Amino acid sequence: MPFATEAAPHVVAPNSVGRVMRTVLYALAPVVILHWVFFGPGLAIQILLGTATALLAETLALRLRRKPLAPFLGDGSAILTAVLLALCLPPLAPWWLIVTGTAFAVLLAKHLYGGLGANPFNPAMVGYAVLLVSFPVQLLHWLPPQLASEHAGLSLAETLSTIFTGSLPPRLSWDAITSPTALEALRTNLKMGMTMGEAHQFASQERSAWLWIDLAIAAGGVWLLAARIIRWHIPVAMLGAIAACASIMYAIDPGSYAGPIFHLTSGASLLGAFFIATDPVSAATSDRGRLVYGAGIGVLTYVIRTWGGYPDGVAFAVLMMNLSVPLIDRYTIPRIYGHAR
Amino acid sequence: MATHADVRRNAKAQAVLLVAVAALVSFGLAGLAQITRERIARNAQAWMQQHLEVLIPAALHDNDLLADTITVIAPDSLGTAQPVTVYRAWRAGIPTAVAIRSIAPDGYRGPIELLVAIRYDGTLLGVQVLRHDETPGLGDAFEKREPHWLERFRGLSLSNPPQQRWSVKRDGGDFDAFTGATITPRAIVTALRRTLEYYQRHRQRLFRDPPADAVAGAAADFERTVAPAAWHSSASGHR
Amino acid sequence: MNASTPARLDSGFGPTVQLLASCPLLAASDTVVKALGLSLALAFIVPTTILSARMLRPWLHEDNRLPAAMMLLAGTTACVERSFQAWLPGLGESIGIFLPLIVANLIIVEHSLEHSAAAAADWRKSMVIAAGMAATLLILGVAREWVGRGSLLHDAGRLFGPWAGALETTIFRVDMGFLLAMLPPGAFISLGLLLALRNWLARRSMTPRTPHRP
Amino acid sequence: MASVLLILLSTVLVNIIAMQSASRWRPFAALDDCFAAARGLAIASLLAIPILSVSSWLLFHHVLQPRSLGYLRTPAFAALLLAVVPLVELVLRRYSRLVPERPGFALLLATNSMLLGVALLASERWRQWLDALAFSLAAAAALGFLLLAFAAMHERLRQADVPEVFRDLPLSLITAGIMALAFMGFTGLIQEGS
Amino acid sequence: MNRSPTGAAAPAAILAYGGLRLSAHKQASTARPLRVASAAQHYVLPLDQHAGAPSTPRVRPGDRVLAAQPIAAPGGALSAWLHSPVSGTVSAIEPRPAPHHHGAPTLSIVIANDGREQRVEPRASVSFEQLAARELCQHIGHGGIVGLGGAAFPTDAKLLGSQLEGGPHLLLNGTQCEPYISCDDMLMRERAQDVILGARILLHALDARHCTIALEEDTPQAEQALRAALSRCHDERVRLKVVPSIYPAGGERQLISAVFGVEVPFDALPAGIGVVCHNVGTAAAIAHWIRDGQPLISRIVTVAGDGVHQPCNLEARLGTPITTLIDDCGGYTPRMTRLILGGSMMGSAMPLDTLPVTKSTHCVLAATALDLRSRTQEMPCIRCGRCSQACPALLLPQQLHWSIQAGDQNALARYGLMDCIECGCCDYVCPSQIPLVERFRDAKTLLSRTQAEDQAAVAARTRFETRQARLAQLEAQRRAKLAEKRQRLGGRPQP
Amino acid sequence: MIVAILVMGGLMALAALSTRAAARQALARQASTREALIERLDALLPQTQCGRCTYTGCRPYASAIAQGEADTNQCPPGGARTATALAQLMGQPAKPVDPHYGVVRDTAWVAWIDEPACIGCTKCIQACPIDAIVGASRYMHTVIAAHCTGCELCIPPCPVDCIEMRPAPPGVSA
């Protein structure tokens, strides 16, 4: 009786790239929901816009590169890129912002390098950095939480019209409704000569909403850890490095530097540590390499957000460490079983 | 007659050849420098002159502004530890105005170089931004997006608005900021206030020395302005 | 003049070298005016130095080719810089710090050139090189300024003199353009896209030559 | 600052492209891998640029400026460079296992020094020769790091399935663009630091 | 390098070495008792079923042979004896499809069973304690004993090569980490005393003082049986050690790390650190040979999988066709799709089922879609790192994969391709469904070829230079003689 | 102006001096540098000594490459791998082996002597560059397959044409 043969192993885990990416998307779902609760439907619309753009761009790129559409459109990585990018943008940002950013991310940062798995730079962060250096004003229009705001929240229709026309409903003005992010507020206030205490107070008015969202992000991250989608090295190294830098500077001069808790819970620290720096494709390879990589991101993030010109440094830090990855990989090849160090 | 090959092989000849090239180059360059020296000096003067003319109307002075300068050092008031040039305007030997190359050190991406013209009585004649490195499209709004922003300062003084209102609206002051950019306006407003304060405190000493000889000044090289010996602002400390 | 000139030109000054040569100049390609100014400088410096290097060549040992060329280049560049300061002060101010970069570029160009027998051929060659670099700069300048701030020849009046003010064009007026194009990343990315475009055109013009099956 | 970044990255690109695609500009003999050559060049730059920076600072401030010879800046720097580059070559050949190759090494190091020199000279704010030294050390270190990172990146990109028209040069440029984008994060930082 | 781990009581360190927890799928076959496989009509015995040189036949076609009669002798320094499993006639010596060649033919002795079960006169049982260690080793060789753990390495050679000063530590491998395979578990449950006796013989043969029998935590019955047998013979030297059930804990090097907490250097054999590792089946086979004079003519084979009606363990004579085993287990179920020799992770799929049982056949897996989980669409590697997490050799499979794609042999050597044990863990976990092991196997072939070529070049150069030197010397001598002769003849010496 | 010329002239003199020093050093080390390069090139060659590259052996070919006389694609026994490695070391683009110098075999071949036909002339022994043939005068000769590199140099001298090339037995990689 003849049988068909195949190479060992004859069983493989029921796993796929699509499943990995989808798990990450599920882990982000609570964040999106909480975002809606606090800030209205803006983010959801941005995600839809970004996803549509990402899929279009992916289709275009795959067509041009003559690759099969089905497996790559279905793998979810482009959608994840769009979602992460959307999470970094203000919810009422005009529509062309997310479209431009996603297109840059997918076309320039991903497909020019050979598509899924080959991109040395984190596509979402390339998209975000492009937007940040090109359109800084639009990226400053962050909203205060609906609940805390004296204005009634924007309705879905108003949100849509704001995103697509770029102008607010007549009863509102940008200056009235936007509020700086905590990091931004702290920087501004310190530059104004406030003391740290005053600055903190000012900065922390709207923080409770963000703390909930941070909690959701951390929960999602822990879930990813438990699901073995990510490992602890990058998040721990990155958050540890941020905390270490912040503690040192805080110990030296508590009057002008915020403490570690503030830094860990503001800006994109947590999102970066669990969802962005962990992008496997553009991260370092070995465990030791990933520790170096994560710590590098942490230190650079702290430096940029504390002394640099841009409000948060996660995106730049990730990109800078991305470009160091081949170098890190070269010097962190792990010891092989039976070989001396 | 040495052939090419001989020269190529002879080390000394090669050295001489290289030195000759260098000498030739420097000869040409030195000649050109000689020819252009005055022109370049005049260009530099003209550049400054342009800015000064915009700020200090001809009616206010009969002296050559570029020729009558003093340098002062006042790190706390003028934003730099370097010597700062002050142009003085006189009319018929009576002091009418000054223009101070003050610096706003706390711009968003670095110092902003200003030229602040102040009437003798302490009201602002105007402000020009000489150099800056603010974020294009954000902090540079005074250039293109809100070109009238700088004009707003004309005629103001430390009492108008009152000194404590010399800040951007966000800080409880009188002045608008740019959309999405408060740091740059705040830096400029603060620098203006400090400059005005400095002027108020030191007006007497700024005009203590009599006007420079107009004739000597016009002929002088810009780089070596005939200026009264630099004096140091006593109020603001020394180097 | 003979048919082999372009071929030899190609071998000495291929696309790679052209890129090498243009790369450092990217810093001055964010506006058309800067690109024009630099092109102007190139149009003078390239022929001058290449021809004078050519005159020196027979006398120089291989080892001394670099020093001599470098000195000539540095001198010529300094002359141009000085001239700009004197006669086009606005332009001098805005591209002044980039002019010495030309020395580095042209060192590479000079080294990859085989001098030809006739001076005229060398002159032509140097003009072709200067034109190539200028074209790259100008294309980049147009693209970057247009995308980046929606204008063309911005500041021409201030830099070239009042007569040029009329040339300033505003293509669209928004609060700001796509700033990326004006910034360093934009310089590299635009040049990369430009090269890819060239590759694509070259490939397209290649394809018809292969027999086409219906 | 932006221009310093641009110049730095252009320098790296010029080095990598030259090493990759032009055999006659190979900086070192018998080094078949781009990364090793990049490491050699990084070492050479780290030697040459600080020396050059300090000596040119001294030259300008004590020889040229007092005699109003400011216009000699570029040619004088070039001449200094021409004196220092062969010395570095000499030192490397004697004391290291690297074997600088004749036209290539001098050419690339001269290019690097000139480009970085321009970047350094562009800012005239160094009041002490120590400032100049510190800044040039930082710049040379940055150059070295970028060279290594780019060379390693280049090796990784070689294996990727890159669209035909973007292969090699265009992709290198775009990579440099994204690197520049990353380093935009430092804007404001360097200004305030100095 | 003689770090004896004897005293090391390091905790099981295997988690530091990757590996996977897989579902064992062993209940079905261990639920039924061990049986003897039915007799077959023809027995096919490949001459190269062990590691090393093929054996040389001692019989000719037409010869009559008895069970346990030697029919082939070692064909080289590293080779093994082969005995007839049954009485009958040699019907042919010809190439026959063999399992270790994936069904390709290899020279084999074919014996037609006469059903009379005649045996050569069993030799008087040897009292192994009387023999010197070396003699005992050689005697073991005459029993045709080879490693039954899978590699079929001639046991006498391994024993002789492990004669260490002070005696090595004997490690008996009773783990069977691969899914479906339970032959060793069954052996230990039912014949624990044989295993213990084998251990004592091996201790003597190696002049060793300690023996550790390693077991997996999910074989408690085997552990009980072994403890009972141990308490009966009161041998203090033999101990049990339970290790976690993690695939591939049974690999020699992984097991040594788990038991002793030390690693075997990549360029050394376990003996290099004072350990000798044998499979429990090997030990039992030695016991049979020494105690009963029964050479290695049968072994226990697990027949498993959803593709047979009654999975179980069978004691099968060497050369038995697999079809016979299948019939003993109630035949194929209709769902049967793939025939695998070995477990689901490392076994090879066979194109036909007429192949014979050999000394290294430990499992016949009749697999159905229930047992298999085939790959879906292969995607590019996303560098997720699951593979390197799972790799027991601590390699970076993703980098190996990239380097294979890039054709970069230097990188492959640097990333340790040759240290890959082809366990398949990386392959199993890869979300991109890349057939990593297959690629690694091919690349290893290529890399070892280039490495061999490089070695050959070095050797050729040495030989060439030696020859040149010799020729030069001869030439010098000739000239010297010539000059001397000229001088003697009174001529002037040549300039 | 005088000062300018003096300063620049002086600097240039320094430059000329150091350029010359470096050039002299390079010249002095040229031989050893070249020797090291030849050594590294030779190490990449298969050491078959067959002469198909048109040089008398592997090392002469290596030194020809180092001199720039020979191209990197002339060694058929080395095949694509050697050609690529040579090109990389020389910093040149890799080329496939030029068929003009011989065909590239993808499996190892070794010489085989038809022993009954051999007349024991020892000519093949003298031809073999690596002593891979054993035998004494007027006795049968044998090729040691494990040593034979397949250079085919023994084939032409044999007066009775009893040597032929055959695929290497398993385990032998020439």
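Here the chain labels run A, B, C, D, E and F in written order, and each chain numbers its own residues starting at 1.
We adopt the following convention: a contact is a pair of C-beta atoms (placed from the backbone, for glycine too) under 8 Å apart; a residue touches a chain by one contact, two chains touch by 3 or more.
Note that the structure is a prediction, hence the values are computed from the model and not measured.
Both subunit D and subunit E are touched by A, F.
Looking at which of C-D and D-F shares more C-beta pairs in contact, the answer is the pair C-D.
Work out the mean CA point of subunit C and of subunit F, and you get 45 Å between them. Taking the mean of the C-alpha atoms as each chain's centre, subunit B and subunit E sit 86 Å apart. Chain geometry summary: the mean Cα position of subunit C and that of subunit E are 69 Å apart. Measuring from the averaged C-alpha position of subunit B to that of subunit C gives a distance of 34 Å.
Shared interface positions of subunit F, i.e. residues touching 2 or more other chains, are given as 4, 7-8, 11-12, 15-17, 19-20, 23.
Residue positions of subunit D touching 2 or more other chains: 71-72, 75, 79, 82, 102, 106, 166, 171, 174, 178, 181, 184, 187-188, 191-192.
Each of residues 108, 115, 118, 130, 133, 135, 137, 309, 329 in subunit A touches at least two other chains. Inter-chain contacts occur between A-B, A-C, A-D, A-E, B-C, B-D, B-F, C-D, C-F, D-E, D-F, E-F.
The touching residues of subunit D, counted against subunit C in their complex, run 2-3, 5-7, 9-11, 13-14, 17-18, 21-22, 25, 71-75, 77-79, 81-82, 102-103, 106-107, 110-111, 114-115, 117-118, 121-122, 164-166, 169-174, 176-178, 180-181, 184.
By the touch rule above, subunit D contacts subunit A in their complex via residues 35, 148-150, 152-153, 155-157, 160-163, 166, 171, 174-175, 178-179, 181-189, 191-193.
Considering their complex, residues 15-17, 19-20, 23-24, 26-27, 62-63, 66-67, 70-71, 73-75, 77-78, 81-82, 97-101, 103-104, 107-108, 111-112, 180, 183-189, 191-193, 195-197, 199-200, 203 of subunit C touch subunit D.
Across the interface of their complex, subunit C is touched by residues 4, 7-9, 14, 17-18, 21-22, 24-26, 28-29, 32-33, 35-36, 39-40, 43-44, 46-47, 136-137, 145 of subunit B. Across the complex, subunit B meets subunit A through its residues 106, 108-109, 135, 137-138, 171, 179-183, 186.
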